[in-house]
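The structure appears below as structure tokens.
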Amino acid sequence: MVINMYKKIIEPRVSETDGVGHINNTTLPVWLEAARNPIFKLFTPDDSFDNWRMIILHTSIDYVSQIYFGTNVDVYTWVKRIGNSSLELDEEIHQSGTICALSNLK
Amino acid sequence: MVINMYKKIIEPRVSETDGVGHINNTTLPVWLEAARNPIFKLFTPDDSFDNWRMIILHTSIDYVSQIYFGTNVDVYTWVKRIGNSSLELDEEIHQSGTICALSNLK
Amino acid sequence: MVINMYKKIIEPRVSETDGVGHINNTTLPVWLEAARNPIFKLFTPDDSFDNWRMIILHTSIDYVSQIYFGTNVDVYTWVKRIGNSSLELDEEIHQSGTICALSNLK
Amino acid sequence: MVINMYKKIIEPRVSETDGVGHINNTTLPVWLEAARNPIFKLFTPDDSFDNWRMIILHTSIDYVSQIYFGTNVDVYTWVKRIGNSSLELDEEIHQSGTICALSNLK
């Protein structure tokens, strides 16, 4: 049995911070989607939008710890459950060895 | 007893669509935050980031129906629950009389 | 003779600020594009991406004055020049009666 | 004499495409800024926004060729000119061996 966990390293951008001085909460869904690129490729090998097969029904994010500009983050993605026509993913964002966010996607 | 519901009308932007042809899922958190501006103002009347008081702990979004470029959306925001030091909000995004997304924020 | 100038009022979003405390420079192209929606509609009346007719060749922006969260901005767009198969636009962003940015698009 | 050219590899994100099917024009300034991170670090070694020293006065972008989702891009950044209190940068975005955009920043 094989469990695939994908890891995507992301360098935070100035444009992804906000006036409070941290990474803005709306940046996290963007990073979580970026880390799902290998999953998209499994279902749409030619990366063609005309053949896109995935529709998101539900997402949740727990914001555990602030994320800062200046240090890379690691986004981990793995399949939690596979049904006949659906998929459930869990994702985590880590920075400097601290878990910063947990996300679930159906 | 008064229940405050805020309504923000948003005109979708080309940059908020994606290759699949709809509004990208990561745009919705941006709109939901935009619709919370009056809530921010209640807690930070001078809109100063130095005095910013709100930390997001959890968000969830149910994606009910696709959203398209070319027609305005209405984002409704209301306070679901007020605790001693916390707040829970519900938000909805509507387009053309159809509910497109429900969101909860703690 | 009629000269059409379009005006779009935009409410800045928290996600559009950055850690320096102002509106991030990368937000301005997003607003400038948002203000071009009526121009898109002239050339693609059904707002359909399949019939999209405009390709951007060149943009420039002069950043004249900082833009802040908390106050609406006005984006003005007008046609500078129409050729046989091309269009040149000028755009300006104002906040609180001050011109904050000038842009040219070919 | 040493000329520093920085290279940043960026993996396009679904959220950075638009309904026309390519990378949206407003994504390019975001990538160009992301590629300037090493320049920021030269002037603000601790990545602190309180000590931020750079103000953008002018940017221009020539859009030479469409950029697609599914293939990494390379962003090259180099200093064109250094004055007493100012800096001029040139940047290029390449994909699949083709130059897609040229940018100048003052």
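Order as written gives the chain letters A, B, C and D; numbering starts at 1 within each chain.
The definition used in the following text is that a contact is a pair of C-beta atoms (placed from the backbone, for glycine too) under 8 Å apart; a residue touches a chain by one contact, two chains touch by 3 or more.
Predicted, not measured: the structure shown is a model, and the values here were computed from it.
Undergrad: In terms of C-beta pairs in contact, which of A-C and A-B ranks higher?
TA: A-B
Undergrad: Does the chain C and chain D pair touch with the same residues on each side or with different residues, judged by whether over half of the numbers are shared?
TA: Counting shared over all numbers used gives more than one half: same.
Undergrad: What's the distance between the Cα centroids of chain A and chain C, rounded to whole Å?
TA: Measuring from centre to centre gives 31 Å for this pair.
Undergrad: Using mean CA coordinates as chain centres, what's the gap between chain A and chain B in Å?
TA: About 20 Å separates the centre of chain A from that of chain B.
Undergrad: Among the residues of chain D, pick out those that touch two or more other chains and give their numbers.
TA: 14-15, 17-21, 24-26, 30, 33, 49, 69
Undergrad: So with touch defined the way it is at the top, what topology do the chains form here? Options are line, ring, star, complete, other.
TA: Graph shape here is complete: every pair of chains touches.
Undergrad: Applying the document's contact rule, which stretches of chain C touch chain D when the two form their complex?
TA: Against chain D, the touching part of chain C is residues 18-21, 24-26, 29-30, 33, 49, 52, 55-63.
Undergrad: In the complex of these two chains, what residues of chain C are touching chain A?
TA: Of all residues in chain C, those touching chain A are 14-15, 17-22, 24-27, 69.
Undergrad: Which residues of chain A touch chain D in the complex?
TA: By the definition above, chain A touches chain D via 11, 13-15, 17, 21, 30, 33-34, 37, 40, 46-47, 49, 69-70.
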